[in-house]
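Please find one structure pasted underneath; my questions will follow.
The letters A, B, C and D name the chains in turn, as written, and every chain counts its residues from 1.
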Amino acid sequence: MPGNSEVDALTHETYRRAGFTGSFEFGVRPALLVVDFCRGFTDPACPLGSDTTAEVERTRVLLDVARARSTFVVFTTIAYDEGARATTTWLRKVPSLGELTVGSPWVDIDVRLGRLDHEPVVAKHGASAFFGTPLQALLVAARIDTVLVMGATTSGCVRASVVDAVQYGFPTFVVTDCCADRSAGPHDANLFDMTAKYADPLTSEEVVSHLQRLPETALR
Amino acid sequence: MPGNSEVDALTHETYRRAGFTGSFEFGVRPALLVVDFCRGFTDPACPLGSDTTAEVERTRVLLDVARARSTFVVFTTIAYDEGARATTTWLRKVPSLGELTVGSPWVDIDVRLGRLDHEPVVAKHGASAFFGTPLQALLVAARIDTVLVMGATTSGCVRASVVDAVQYGFPTFVVTDCCADRSAGPHDANLFDMTAKYADPLTSEEVVSHLQRLPETALR
Amino acid sequence: MPGNSEVDALTHETYRRAGFTGSFEFGVRPALLVVDFCRGFTDPACPLGSDTTAEVERTRVLLDVARARSTFVVFTTIAYDEGARATTTWLRKVPSLGELTVGSPWVDIDVRLGRLDHEPVVAKHGASAFFGTPLQALLVAARIDTVLVMGATTSGCVRASVVDAVQYGFPTFVVTDCCADRSAGPHDANLFDMTAKYADPLTSEEVVSHLQRLPETALR
Amino acid sequence: MPGNSEVDALTHETYRRAGFTGSFEFGVRPALLVVDFCRGFTDPACPLGSDTTAEVERTRVLLDVARARSTFVVFTTIAYDEGARATTTWLRKVPSLGELTVGSPWVDIDVRLGRLDHEPVVAKHGASAFFGTPLQALLVAARIDTVLVMGATTSGCVRASVVDAVQYGFPTFVVTDCCADRSAGPHDANLFDMTAKYADPLTSEEVVSHLQRLPETALR
């Protein structure tokens, strides 16, 4: 459980008594949901970005294993056209999101992830990968039974996507060492919340191990 | 009411007794929702297209009046990237939708409509303008109180968008002479259903008249 | 208005050329989605109701086969509390929907269907079974790969639910002889639209045959 | 874990540079969204509950001012029927949510809030007040331009509802002293996240002051 040094024993005991005690089974048709590892968040030259090199590199390792197993992979980015940028409510609160315009290099998926043409990119206007996007329809169409979430930022779009993934009915896992944030405090606090309430934590090594054990019949 | 010659008197009487008797007020912050007047549907050279010249031209007249009044205008198109095209369930039923790929000229809004850069285009994967898109968020952000729907096809994406517009809470109007379909029977039948159950019918002339009467304070 | 005898050969040819040529595979985890067979629609004493005896009885036969196979069954109804009734936009258009209040007998599922306690009922405010309800989350949680839609009315809530079912990613079938409407013209026209664009048609007999062939491993 | 005393100066500076610098205007048609102040969360006798007396009492003061001004008020609760309880994915992670069954006293809105019959209650299956509910349709129908969120728990359903409120397009405010949580660490951390990224913070006193300044023309 993350934030061991910061979430006190009382909180752990409170959560246990409140019944936050279950967990999910890892299914046979997982999807890797890579949230907002677009250049706007992975390149420190963008105001929204930070150094996510370690998390991007671990995600690439995971993606390569997944690709070898024909596991479903989907990316998200944030992109506004001129009209949407002028209108969207969230941008009044976070004006720097207005950098993420359609056609800008900031919206491109980080090349270090080696995205393949057949891996869909879902462009969103909000924090959640599901909000105002066809993501859930893609996951249903691909008969996904397990969603693995990683990306940036832990305390923003990853958290929002994890909450929606379980709400939409998917057993949900957060890949802890593939989630990046610009600040350690919110990163830890949100890993605590997510793993207490919405998703089971897995390291990228554990995910690799799960993927390698998938039955052949589950592959497309 | 459309299809006068085809919907018999008994059906009209049945609907009256069932309580389909209400109507909407035209508000002070309308939005024009132009559904799928992209080239794939307005150019007969595309398998999905048909001759929509008259409806596109009437829509352009309406758009020009709306633009002069700073009325909110939003377009939809359908566009799949390679991954989405291979996955989306609807395309198994209607394979020709696979023509509508990101970057293809078929997904461009028909130039005869003179779209301005600040008018958002919402790219969708389904029939409804609202499904898997940020449309409702844009309409809320713009404080829209009236949705005017037009486009193609009457029996497909217009119908689906009208049903969603009223479900999402907007007083909804269908602009009858700006809706195009590839077949007369489904066109008439769907105008009947929409105006009986979900939306009030208006001609483009009536919409122009409404727009010209909007109070100055409603303009942005 | 369309219908077997009325949709002319030209329309069929137009649709064929437009590419409406695909179909779905019947999967191994189907769900029966019974739309609005609540008393408000199945009892002619309610303004919204009509005589749906034949369709309700055929649906009951289908349900009993499904229950013997542990197939997932879900019902919808429409129900407004006092606040929602006063607010919901759709009721301005169709005031008679205001009869469907929480606690009223009209919102109860028709007893002739013999609903079992473990079969969820989804209460909705709109036309679609999916709109403003947790239906898609239930279907995903139950790992449904095929949605079978029936109920009332064909031209209203069944049509809206079928459009959403395929949008949400489910291979969708409409059970033609289990769909009821208060008028023949709209019934026929909407079966034509649905089966042309969104769902494959099956009779209840064909569904029974499919259910009986399901592999044992698909049962829960 | 963050909190006034705990979010370090570095995090604040990081967020400022990232462009989290905007804020919302308080509109003329606010809604009070009271999240999960049902007995299951406000009565310590329920495993999910904790002592929320202070927050419930402050919310009641706010509600009484709002009622005198005819401000829109909506409540949420969580309630599963037997079928939904057996199916819903989230309950595998948090089994204690299964206490919240339709008809159980835990799903009733806390009587100390004095809910009036015309104030809608939205029953949900997930964390967000918007997920699988008709909430956004009610807010649009009531032409709401400002959403004020309060309730329980800060780190769970309040956070999820705030994220969705801004995603759905509403200028969003979190009423800080009307949000309750079972643990102080997550409460503080989530108020930090929400107010940094999604909503502006207001105390209940500040909300009262805003409500009292609303123009008469905004009242229904």
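Going forward, contacts are C-beta pairs under 8 Å (C-beta built on N, C-alpha and C of every residue); 3 or more make two chains touch, one makes a residue touch a chain.
No experiment lies behind these values; they were computed from the predicted model shown.
Chemist: With contacts defined as at the top, give the pair, A-B or B-D, that has more of them.
Modeler: A-B
Chemist: For chain B and chain D, let me know how many angstrom lie between their CA-based centres, rounded off.
Modeler: 35
Chemist: Determine the centre-to-centre distance between chain A and chain B, using the mean Cα coordinates as centres, and give it in whole Å.
Modeler: It comes to 34 Å between the two C-alpha centres.
Chemist: Which chain C residues reach two or more other chains?
Modeler: Each of 88-89, 125-126, 131-132, 136-138, 140-141, 167, 169-170 in chain C touches at least two other chains.
Chemist: Treating touching as the only link between chains, describe the layout with one word: line, ring, star, complete or other.
Modeler: Graph shape here is complete: every pair of chains touches.
Chemist: For a test of understanding, state which residues of chain A touch chain B in their complex under the given definition.
Modeler: Per the touch definition, chain A meets chain B at residues 74, 81-84, 86-89, 117-121, 123-126, 131-138, 140-142.
Chemist: What does chain C use to touch chain A in their complex?
Modeler: By the definition above, chain C touches chain A via 136-141, 143, 145, 167-170.
Chemist: Tell me, which parts of chain B touch chain C in their complex?
Modeler: The touching residues are 3, 6-8, 10-11, 14-15, 17-24, 47-48, 50, 88-97, 99, 125-128, 131-132, 155-156, 159-160, 163-164, 166-167, 169-172, 182-183, 185-186, 188-190, 192-193, 197-200.
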